[in-house]
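The two complexes that follow have chain A in common; it is paired with chain B in the first and with chain C in the second.
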Partner chain A sequence: MTEQTLLERPLAVPAYSARTSTARRRLNGLLPYAFVIPPALYLLVFMFWPLGKQIYLSLTRTRLANPNRSTFIGLRNYERLLDNPDFYTTLKITLIYSVMAVIVGVAVGLVAALALNRPFPGRTLVRGILLFGWAVPNVAAALVWLWIFNERSGILNTIVTGLGLERVSWLTSTEMALPSILLVTVWQVSPFVMLVMLAALQSVPEEVKEAAVVDGADKLNVFKSVTLPHILPTLQLVSLLVMVWSIRRFDIIYLLTGGGPVGSTSTLIVKLRQVAFENHDLGLSSAYGVVGLMLALSVAAIHALFNHRRQKMSSR
Partner chain B sequence: MPQITMKGVSKNFGDVTVIPQFDASIDDGEFLVLLGPSGCGKSTLLRMIAGLTGITSGTLGFDGEDVNEWTPSRRGVAFVFQSYALYPHMTVRENIAFPLLMDAFRKWHHIPLVSSVMRWKLMRRPDIVERTNQIAEQLELTPLMNRRPASLSGGQRQRVALARSLVRDPSLYLLDEPLSNLDAKLRTQMRSEISTLHQRVRKTFVYVTHDQVEAMTMATKIIVMNRGEIQQIGTPDEIYEHPANTFVARFVGAPPMNLLPVRQQGQQLTLEAGATFTHPGQLPADKELILGLRPERLRLQPAEQPGIPVEVSVVEKLGAEVILGCRVLHPGGGQSGDLLRQDLVFVRISGNPHVAIGTRASLGYDAAGVNWYSPQTGKALHPAAAPLLSCSA
Partner chain C sequence: MNRISRLTGACAIIMAFAAAAPAATQGKVTLVVSNSQWLDALRGDALWKAVKTYENHAANVQLESLGIPSKDYGDRLMTEFGAGQGPDVAIIQEGVFFALADAGLLVDVGSATEDVTLNDTAKNGIVDGVTLGVPWQRAAYALIYNGKLTEAAGAAVPKTIDELIENAKAVQDKTGAIGFTSRHQINDFSGFYMDFQSWAYGYGANWVNDKGKLTINTPEAVKAVTEFKKTYDAKVIPVGDDMPTQRTRFKEGRVGFSIDNSGGTLNIGSGGTIKSADMHAAPLPFPNPGAHQQIYVVVNANSKHPDEAKDFLKWLMSQEGQTELRKASGPDMLATDVPLTEDFVAANPWAPVFAEIAPKTRSVLIPGYEVETTQIMRPVMEAVEEVLIKGTDPAAALAKAQERVDGMF
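And now, the complex of A and B:
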C-alpha cells in the first residue's frame, strides 16, 4: 500500500515544477523532525538526563550534605537494599497499594461509567459532580481528607460514633492507614477512569449490541460478548496508567500519613524521600528510585505485550 | 410462522413523527420489500417489527397475537443490519455459532469461570458444530471459519451476517439494506443468492431498500413508502405498470415514468408547451390531467405521423437498448421554453436505431399503456367507461 503511493507520487507531480517539488519533498522529509525535536529536547533535558543522573547516583556513595562529591561504589547500594528487611516491606506495601488502587479504582470508575452511559435526567450534572475528585488539586484534597479522617471532629468518626461504634484511628493505626489512603486514592482516581471508560463505552457500536440482543443474548451476555471486548484495550490502558501513577504517588501519602505509622504506608517513593532527606543518603535513595522505575517499566512492558498479542489475534 | 399485521402503527421520536400511521399485513412466505427514499422511516419500521425500537401507538401482531411488548429474542426474528454488525473480536465460526450458544445458555452459566468453560464446551457440542458447518457450507464460508471480520471483504462479511441470522432457522427474516455496501457486480450476485435463499427456506422476508432494482427483482410484494406513509402496496408488476400516484410513478423505474401535464378538449390533448395531439383512447372526465407514460411505451415515429412532436436532445446508448431524451416542440416548430427548465421526455428503444441528436420526430403510444393522474392530488385517475375494448383496438 505505502509502496504504491510512493511510486505514484512522482507521476502526479507536473513536469514544470520538478525543481520546486524536489526541494519541497526534501523539506517534507525534514518536517517530521521539526515536530519531534522540541518534545525530544524536553524529554532529554527534563527526563533522561535526571534519570541517568539518578541511575549514576545509585551506584555511588553520596551524602545530602555534599551532593557533588560522590564516590563510585558499584552495586553496593543495591546490596544494602536487598539485605534490608525494610526494603521488602516497602516493596510489598507499594505492590499492595498500587494493585489495590488499580482493582478498586478501575472497578469503581467502570461501574460509574456503566451507570452514566445510560440516559437519565440530570446526567450531565452527576457527571460533573463525579469529576470533582479528579479536578481538585492533590494537596488541597489531602488537606480536606485530613479533616474528614480527623479522629475527634472528622465526619467519618462522627458517622461511626453515630452508628454506636468505637472511634476509628483512620490514619494513625497500622491496620487502617493503608485502607484509608486507598480510599482517598480511589476517590481521586476513579473519576478519571470513569471519564475515559465513558468515552470508550460511547464508542461501542449500537448495532452490534442490538445484533446480540436479536441473537438472544441477555444483558450480561451483551456486556461480555460485545461491550467488554470493545472497551478492553482502553480498560487495560487505564489500568496501566493507574498502576504507574500509584507506584509514583507521593503527595497524598506523604501529606496524610508521611509513610507511617511505623512504615505501614511507606511506599517506595515515600521511603525514597525519607532516605534522601532524613538519612541524607542520596545514593541509597536513588537505588529505591531505580527499583520504582523498574517496577513501572515492567508493568508497561506487560501492557505492551498484551497489546501486541491482541493486535496479532485480531488481524488474523 | 407468523402472519404479521400492523394496525395503526405509529412512531414518534420526541415530538418528531416519523411514522404517522401504518396499516399493512404480511403473509407467510412473502418476500416483502419496503421501498422508499432515504429517511422515510423504513429502518424504523423494520426495527419496530424486530422489537429493537418501541412502538408509539398501534398494534403489531404475529398471527393475531399482540407482540408489542415481546423482546426481540422472543419474537424469533433474524435481523441483518446495514452495517452487518458482526462481532469484531470473534472468528467467523464464533460469529455464526453465537445465536446457538445464546440459545443453549442458562442463567447459572454467568458464574465466573463457568461461563468461559461453558462457552468452550458449547462451541464443541456436536449439534452446534454441525449446524454451524452446514450453514457455512451453504454460504461458502468454510475456508474463512477461523478468520475475523476485519480481514474479510464486504461480500464475505455480508455472507457471515446472513449465516449468523440463518443459523437459528427463524421464521421471519428482517434485512435492512444488506447490499448497500457492496459493489455493483457483487450486489447482483448477492441479490440472486438471497432470492434463491428465500425460495429454499420459504420463510417470510422483510427487506428494506431504497434501490428499486432490488425491489423489482426480489419482491413478491412491495410497499412503497414516503415520509412514513404508505404510497402503494402491490406486486412488482402492479407497482410498475399501475403506480397509484405520481410519487410512485417517479420513484420506480429508471428512467422514471414520463409525466406530462395536459389539458383535454374532446380527444385533443394540449401540452403545456402548446403542442396538440389526439389521444387514441378513452380519457378520464377531468379537464386537467397528467399523462403518465413509461419510456418503453413510447414509439419514435417520423415527424409527419400523429403524436407528440419532439426533438431528440440526448442519446444514451446502453448496449441492448437506447434511451432517448426528447424535448417537446412548440406548435411553430421551435423548442419550448428554456432548455434547462423543461423536463425531458424519455423514450426507451431496444437495439440501436442510430438516432442523431437534433432529429425531429413524433412520439406515438397506445392508450393501453397510459396512466392518468390528477394534477391536484397526484392520485391515479381512470378513464370513464369500458376502456378496455377501445384501447386494444
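And now, the complex of A and C:
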C-alpha cells in the first residue's frame, strides 16, 4: 500500500476546480437570465398579453357580458370611430387636456423646485406641504375638490361671492369644466415634477454656476446657460411622464364631471369606459384604447427622437 | 421537554379544531347573494336580515352577502358573469337583467314561481317565454316633501310644474332651505336618465313608436325637456350637488320638495334629522304617471348550486318570504301584493302614495330596446344637459339626439 504524499494530493484538486469553475462560469452565464426572466414574465403576463388582447378585441365585435364570444370584423370598429364626429371632439379634448397639463404642471413644478432649491428656514416643512397633493389618493382628492367646486357652498364660490362677484359654475359650465379639471390635475402633478426637478437642480455643479457669475452672467443667464441645459434631459423625461399620465387619466375626470357637461371633458379614457360599460361594446371601446395607446407611443417616440438628437449634438 | 409537550398539545388542539370546522359545515351549501342595497344604511341590514331568515327553512344552505356600491354594481356583475364567475344569486336592476339575459348568462327560474300568483312586476322577468328573473322590488317615483318646512312657508302640495316652482320658491324664500332637489348632472348618468324618465313619461313621451322606431324628438319629449329647463332656471335646485348630497340635505331637514323613488325615500327617512313622520308624498306634478326602477333576483348560469339557488328564490316568492321582505322594503312594490302594515304607514305617512302609484308607472327601459336603453339615453341626456347649460332650444337639441340615435342602429 503506497502512501499518498502531501505533494501528490493537490494533483486531484486542479481537476476538481476546473469542473467547479466551468460550472460557475455556466452559472454566471445563466445568472443574467435568472434576473431578467421574472420581470420579463411579469411584463408578458400583465402588459403584453393584455395589450395584445386589447388590440385583438378592437378587431372584433364583442359584448361586455360575452367577452369570450367574439366575431372578427377586421377594421370595422376603427371605421366606426373615424366616421363618428364625436371621436374628433374627444381626441381634441384629450390633446388640449394633456398638453395643458404638461405646460402648466411642469411650469408650476419647475418654479416650485427653483424656489425650494435655495436654502431658507422651514424649507423641509414647505417641501413636505407641497408634496401633499401628490400623496393624496386620486379618488380622495377628487371628492375633496368636488366640495371645493360646489356651486352653492364650495369654498371657491364663497371667496368669489365674498369679492362681490357672481358665483362660478366650476364643473357645470362648458367653459369652466375643463380648466377646473386642469386645476386639480396641476395640483396633483406639480409636486411630483417639483420633486424630480429639485433632484436634478441639486446635481448642477456649483462651480460651473460660480464660473458663469465670475464671467459676468446675471441670474437669468446663469439659468439659461448653465442650469437649463443641465436639467433639460430630466425636464423632457418628466414632461413625457406627465403627458402619458394625462392621456390615460380617468379617476379625477370621471369623478368630477363624468365627461360632461355636454361632453366638454370627455377624454379618450372616459369615452372608453362609457362605450364599454354603457353600450356594452368591448370591441369599440378597445379601439378607443388602442388610439390612446398610439397617442402615448407617439409622444414617447417624439421624446426618443429629441433624446437621440441631443446625444448626437453633444457627441460632436 | 415540558415546553415541547405543551407545544405538541396546542398543535393537536388547533388541528382538532381545524378538522372539526369543516365537519360542522359539511354538507352545507353556501350561496353568495349580491346586492348594492346591502350597503344602504339601516335598510341594508334590515333587508339582509329578512333574507337570512331562509336559513331557518333550509338547514343545508348558508347565505353569504356580497355588497357592492351601486355606482359600480352593474359594471362589476356584467364583467364577473361574462368571465364565468360572479355570485350565485344576484339582485339586479332591470337594465343589467336584460343585458345578462341577452348574453345567456341566467338560469331558468320558472320553477320558483309555479305555485304563486305574481303581480305585474313579474312581466319583464320573462324573456322569450322563459322566466329568467323573479321580482325583488319596484321603486316608483313620487314627489316627496318636508311637512314642517312646507307648513312654515305656507306652501301647498303642487300638482303642476308651475305650482312646484312657486311653492319651492316659497320654501326657499321663507325658510332659507333648498326649494327642490333633482338629479341634473351627467356625471351621475344612470341615475340622471332614470330620474328623467319620470319627466318624459309624465308628459306622455314614448321613446319608441308602435312600429319599433325610436322617437326621440316628439312634441311630448320636447315639452318634458322644456319643463325641466324651466325648473332648472327657476334657481330652486342646488346646481352642482350630486344625489347623495341632495338626499343628505333632505335627511337634515334642509329641502322642501324632491322627486325620488320609494327606496331613496326610505333611506332619507331612516336615521336622519328629519323624522319619517314629517315626510309626505304626492303624485308627480305631471299630467301622466312617471317611471319606476324594477329590480329582479336572478340565478347565475355559472353557479355551482343552481338548484339550491332556485329553492331560495322559491322561498322568496312564497307568502313567508314576501312577508319577511315586506318588513324591510318600505312601500316598494313586491312580487306579490303584500299590503303595508298599519304600523309602518303610521310611522311613514308618505308610504301609501308610493304603493298606490307603483302599479301605474312605467319601466325606465325602452320597450324592445331594453339592452340598448343606456346607449340610446346617452345622447338624449346630453341633449337635456345642453338645454340646461347652454340654453339650446329643446326641439333642436332633441332633433340632434334623434340623428345620433338613428345613426346607432
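FYI, the second predicted complex is superposed on the first by the 297 of 316 C-alpha atoms of A that agree within 3 Å, B and C clash if a C-alpha of one lies under 4 Å from a C-alpha of the other, contacts with A are read in each partner's own complex, and residues count from 1 in each chain.
In this text, a contact is a pair of C-beta atoms (placed from the backbone, for glycine too) under 8 Å apart; a residue touches a chain by one contact, two chains touch by 3 or more.
All figures in this text were calculated on a predicted structure; none of them were measured in a lab.
Enquirer: If chain A is used to align the two complexes, do chain B and chain C fit next to each other or clash?
Expert: Fit: chain B and chain C sit side by side once superposed on chain A.
Enquirer: Thinking of the overlay built on chain A, is A:A217 touched by chain B (first), by chain C (second), by both, or by neither?
Expert: A:A217 contacts chain B only, not chain C.
Enquirer: Would you mind checking which one, chain B or chain C, touches more residues on chain A?
Expert: When the residues of chain A touched by each partner are counted, C comes out ahead.
Enquirer: So in the superposed three-chain picture, is A:N279 touching just chain B, just chain C, both, or none of them (first/second/both/neither)?
Expert: A:N279 sits against chain C, while chain B stays out of touch.
Enquirer: Where does A:T174 make contact in the superposed view: on chain B (first), on chain C (second), on both, or on neither?
Expert: In the superposed model, A:T174 contacts chain C only, not chain B.
Enquirer: Name the contact category of A:D251: first (chain B only), second (chain C only), both, or neither.
Expert: Neither: A:D251 stays clear of chain B and chain C.
Enquirer: Tell me which partner A:P205 touches in the superposition: chain B (first), chain C (second), both or neither.
Expert: It touches chain B, and chain C stays clear.
Enquirer: Once the shared chain is lined up, is A:E79 touching chain B (first), chain C (second), both, or neither of them?
Expert: A:E79 sits against neither chain B nor chain C.
Enquirer: For the superposed model, what is the least distance in angstrom between any CA atom of chain B and any CA atom of chain C?
Expert: 40
Enquirer: Check chain A for residues that touch chain B in one structure and chain C in the other, and list them.
Expert: After superposing on chain A, no chain A residue contacts both chain B and chain C.
Enquirer: Going by the contact rule at the top, pick out the chain A residues touching chain C in the complex.
Expert: Per the touch definition, chain A meets chain C at residues 63-68, 146, 149-152, 154, 169-174, 254-263, 274, 277-280.
Enquirer: Which of the residues in chain B come into contact with chain A in the complex?
Expert: By the definition above, chain B touches chain A via 50, 52, 71-73, 77-79, 81-83, 85-91, 98-99, 102-103, 105, 110, 115, 146-148, 150-151, 164, 168.
Enquirer: Spell out the part of chain A that touches chain B in their complex, as residue ranges.
Expert: 205, 207-208, 210-218, 220-221, 224-226, 229-230, 313-316
Enquirer: Please give the residue numbers of chain C that touch chain A in the complex, ascending.
Expert: Contact set of chain C toward chain A: 74-75, 78-79, 81-84, 99-100, 102-105, 185-189, 238-242, 371-372, 374-375, 378, 382, 385-386, 389-390.
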